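In the two complexes that follow, chain A is the common piece, with chain B as its partner first and chain C second.
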Partner chain A sequence: MRMKWRVHVENYGFLLPSFLLTAVLGIYPIFWAMRYMFYDYKGYGDMIYIGFDNFTRLWGDELFWEAVRNTIVYAGGKIAITIPLSLIIAVILDRGLKGRNFLRALYFMPTVISTAVIAVVFFIIFNSYNGLLNQFLLKNRLISGAIDWLGPDYAMLTVIILAVWGAIGNYMLLFLAGLQSIPGDLYESAEIDGASAIQKFWKITVPMLGPVMQMIIMLAITVSLKGYESIMVLTEGGPVGKTEVMYLYVYKLLFPVSTGSAMIQEIGYGSAVGFATAIIVGVITGFYFMLSRRLNKIY
Partner chain B sequence: MKKLSAALSAVTLSALLLSACSGNNNGANEPSAAAPNAQSSDKAPESAPADKGPKTKLVFWTFDRHDNEYIKERVDNYNKTNQDNIEVEVTAMTENYVQSVDIAFASKQAPDILRPNQDTTIPFVKKGYLEPLDGYLTEEMKTKFGPTIQDQANQFDGKIYTLPNFGYTLRLVYNKDLFAKAGIANPPTTLAEMVDAAKKITEAGKADGQYGFALNFKAPKSALDRSAREILQLSGIDGFGYDIRTGKFDFSGFKPVIDAFKQMRDDGSMLPGVESLDIDPLRAQFAQGKIGMYLSYSAEPGVYQNQFPTEINWGAAQAPSIDGNIKGAAGFANSGQWLAISSQSEKKDAAWKFLTYMYSDELLKDYHEKGYGLSAVPSIAAQANTPAINGVEGFLLTQYDALWPLPPTVTVQGLNYGDAFFKYVLSGGSLDDIVADLNKRYNEALDKAVAAGETKAVVDPGFDPAKLQGTMLTK
Partner chain C sequence: MNGMGKWVSRGILWLFLLIIALFTVFPVLMTILGSFKSNLELASGATIWPKEWHFSNYAEAWKQANFSTYTWNSLFVSVASTVGTLIVASMAGYVVDRRNFIGKRFFVVMQASTMFISIGAVVLRPQFELMVDIRLNQSLWGVVFILISAHATTFFILMGFFKAIPRDVDEAAMIDGCSFMGIYWRMILPLLKPGLGVTALFAFRNAWNEYILPLVFTMNTPKLQTLTVGLTNLRYGSGAAMQTHLMMAGACLSMLPILVVYFFANRSFMQVTAGSVKG
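After this line comes the complex of A and B, so read on.
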């Protein structure tokens, strides 16, 4: 009995620090923010109870719904490019290629570089007046005039490219881990049966990666829907809201980006938008999880 | 046994974490190297003679980067020479200053002296962070700073919370070489001339990557507040859309300015990529001779001396007005605030002694002459020499610079005027509809803020912008 008690003390003792950290830094802020959803509060003065007015305002807030649309385009674009590309790279690097460890490290490198630094570097590459990309394209006569990569027509594409570049290494690593768990005998027997490389990929690799892929895609969906840091540095949501995504909008409401920022701190409304945004992310993720259950049952 | 000690270690770790998370009243007054603590330690009498007894330590937080070294030097000098046994520790927080101040006040660790600015003074006053200075101000000081004391800038409900030091004039900054190359003799004085000059400069220099005009449209409101603002103000129209004569927002005055900006973009006279251009990349391009002109604050001479040293032959001139008729004066921006005393400070008297040193004629004059900022105190500006910094001549105060009444602060729903007008510049549409929509939303927000007691819609039917002329030259 005493032994069992000791085990309990030990287990809970080890759990306590992380539980406290989660409670203080993760759970408490959620309830802190939820409290303000029903108030008009700008960070000073009286908190005025306004019931569901913040949500009524949200319903008619064109900027928010534009941010929702932008987020879906951004996340959709990022996932549609990142997942297949990282899977293909992982499959190639899973083979006995010379220098594969170097290449793995190279692809993974963007993951460990600061998002803000990446965004600044991308600005140097993509800005239209002296960006490296335009200079390269012009020099090789691939374009006749400078393309405004950060202008209203291409800014979303540019932030997606940035996101893809930053994410591929991470997902490649997860796919590599999944690939290494596939038993080699499956490929051997397929080879004996005369299967081609493409057949092996579609008939063995993809199905066997099912459960891993389900989790990777879910991770990619939540991360993409919540991503805003690189956009904040690169375009600040502009031009004219073309790259404004949901969490950047929430961030600007709660913490106006810079001194002289166009937005005024609105803790009450920002909390309501944050809550609605979390619900949207939760519903999309839950919906995907329901639809993707087949991936888990594939073998 | 090992398991038991492991369990004990885990519990101890948790206890440590708990104690770290919880407040420690006993330790609240301990000095901390990691977090400067205003309540720091000493209980010394505030006027202890030099070298006797413990020093009265004051903590001073600022966010200014441009004068960082100078302020440190002057504070060091004060620490060595003051006869009140006061020691000031200055901390320059270039990032997250507002958040740091909020956290410091919430945890009762506020600095004794703060640096509010045009954006933070109202929130700081409303949050109760600042101590009114009226009880400390002498009649002489009231006279000295009087011309720059302004409601909603440094004075609220009749109480003064901070005093001015420097401010920014607004000017057209132009590349003289590019103007000469395009055959233009003088900087533009009307919007039509500005559009024409931008076109000519682009035609003459496009092959070399030189364009007539640029603005930092990555932040459209910031761009308009440093450009459209003074064009409108010189034309006798408020630069933020508030008509003090009616007490309502009316953005119709912006139309000719926004149309001129759109015309320059449609003509291809703006630097490609202005949509994503921040002010520093813009300055970097100007320093490289790629931009003919832009409009900005008097921070530019310092920028081109230190941040982006340049060989180009540049100058600053009064911004154009709409039609060449000067009916008002350009705003003398961000000029009302500099230093303030924390309401939480336990050493307010000592803090005021330090402020009297910082606001002394000698220091303010030196600050102006060394080029850290144009003095916002007319008596200082009158006696000081021209700052020793290239390009500043065009930014010096003239009769066409003045303090405009500040517009009420409102929280508008939907696009602010900067974004709304910039959207028009990019993609067109009906400017009349945009103005009508802005007027409706801004006035709704104003009515709401007034009803909630958050702001006052000041009305002055007899306001005449022409009478502002010359007010900053009072001696």
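After this line comes the complex of A and C, so read on.
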């Protein structure tokens, strides 16, 4: 009996630090937000219970739906560029090229660099008036006038380029791991039949990569929909809300982006938007999952 | 395929790889080179190689722009949270892998759920208020505890490594009279070293690069700001002009340590990322 008691103490004692930290700092805040989303609370003064008013307000909040549209453009653009590029790189590197390990390490390097720090660097490079990129393009007469990279027309493109820069290496590595699972004799027999490199890619690599590809794209979707750190540093969602994404909007409702930021903090409404955003991300991912499962059955 | 065609296609492949390599290296290279340029040269923007090497940028960033404080804060947060993460996650992983108890399933599901549910910055608000309540908002310990609380990924990676340690090890030590704690400390942890190594790299990288969390926590306490926060704040400039040369030197200071680590341990970094697909 005494032995039994001791085992319990050991088990739960070892678990306690992990459990406490997760419960208090990981789970509790979610329930906290679930409560506040039914209140009108600005961080000071009274909190007033308003039922589902925050959600009716959300329904008519043009800024939020604009952010939803921007997020889809941002995530879509990032994925549409990153996935094909990293797949092609992975396929090339998988063929045992000279310098393969060096290139792989080089391409993967951006994943260890802070998003915030590299966003500051992009802020300097893409600066419209004296940025390196414009100076370079002007000097070599590739453009006639300075391009306003962080202006309303190009800001989204700049933000996507930054996202692609940080993501290629990561997805290249995931694809490389996936490619290992394709048996080599498939390619050998295809070669005997006289298949070209492009035919091998479309007829063997892509179909055989199916399940892994499905998982990687799903990962890419959730990660891209959630990302807002680099945008916050590079454009703060501007100009005129052109690069405002969902989670950045949530952040702005809860905290000031900079001193003298115009938006008023709205904890109650911000909690409601946070939840709505999590649900939207869940729905999009779920929708993709169903769709890709159906596509997979074709093969 | 004839010889000529083969050379052409090979050339295209290499050109493609080279362009991607340039795209990857360009911002980092510009940061390193830019950190030695004068503010004026950076503002005129036209050069790639510095006309004159201004090593003084680093001294200026280190002293006047407070980067010595930022660096120290970043180091403290990263080291403390890495050590904490490893201890907390390995202890939990050890019991979950080796023992059976009521609530085990619940615990694992709870860990997994923290990885998938994301309501964004909303959670920072109650976290901050909690830290104010226990008076940890005036030091960086609040940030450290929150970083440690996000140890689910480390926990699941370590679980894989625990499975690879044979249970005979525990049993033999138990017969020799070793306590549960003793087995964990003297047998399991040394055998877990490879797993601890790779997860430490990840925990350190995440803490070193963390931005939003320290930003929110140190908004009113500039002396506690980390490298990422201090650097991004330079965007607003002090006075009239943006001090681009200090931003470049600061960016270098925050990139170089992690790049040095990456140079020596890039295989370990890649091993974990690749492992997430193989399952």
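Annotations for the structure displayed:
Definition applied: the second predicted complex is superposed on the first by the 267 of 299 C-alpha atoms of A that agree within 3 Å, B and C clash if a C-alpha of one lies under 4 Å from a C-alpha of the other, contacts with A are read in each partner's own complex, and residues count from 1 in each chain.
We take it that a contact is a pair of C-beta atoms (placed from the backbone, for glycine too) under 8 Å apart; a residue touches a chain by one contact, two chains touch by 3 or more.
No experiment lies behind these values; they were computed from the predicted model shown.
In the superposition on chain A, A:E62 contacts chain B only, with no contact to chain C. Once the two complexes are laid over each other on the shared chain, residue contacts for A:L132 go to chain C alone; chain B is not touched. In the superposition on chain A, A:V240 makes contact with chain B only, while chain C stays out of contact range. Of the two partner chains placed by the overlay, only chain B lies in contact with A:I48; chain C stays clear of it.
Once the two complexes are overlaid on the shared chain, A:G169 sits against chain C while remaining clear of chain B.
Look at A:V24: by the touch rule set out above, it reaches both chain B and chain C.
When the shared chain is aligned, chain B comes close enough to touch A:A146, but chain C does not. In the superposed model, A:S189 lies in contact with neither chain B nor chain C.
By the touch criterion stated above, A:I113 is placed in contact with chain C alone, chain B being left untouched. Counted by residues of chain A touched, the larger count belongs to C, out of chain B and chain C.
Chain A uses residues 7, 10, 14, 17, 21, 24, 123, 127, 130-131, 255, 258 to touch chain B in one structure and chain C in the other. Note for the complex: chain A touches chain C at residues 7-8, 10-12, 14-15, 17-19, 21-30, 32-33, 85, 88-89, 92, 103-125, 127, 130-132, 134-136, 139, 165, 168-170, 173-174, 176-178, 180-181, 196-197, 212, 215-216, 226, 228-229, 232-233, 246-247, 250-251, 254-256, 258, 267, 270-271, 274-275, 277-278, 281. Every residue of chain B that touches chain A in the complex is listed here, in rising order: 3-4, 6-11, 13-14, 17-18, 21, 99, 102, 117, 119, 123, 126-127, 209, 217-222, 225, 271-273, 275-277, 281, 285, 290, 409, 411, 413-416, 418-419, 422-423, 426-427, 452, 454. For chain A in complex with chain B, the touching residues are 6-7, 9-10, 13-14, 16-17, 20-21, 24, 40, 42-45, 48, 57, 61-63, 123, 127-131, 146, 148, 150-152, 155, 234-236, 238-241, 255, 258-266. On chain C, the positions that touch chain A within their shared complex are 1, 9, 13, 16-17, 20-21, 23-25, 27-28, 30-31, 34, 42-46, 87-89, 91-92, 94-96, 99, 101, 107, 110-111, 113-114, 117-127, 130, 145-146, 148-152, 155, 180-181, 184, 205, 208-209, 211-212, 216, 219, 227-228, 231-232, 234-236, 244, 247-248, 251, 254-255, 258-259, 261-262, 266, 269-270, 273-278.
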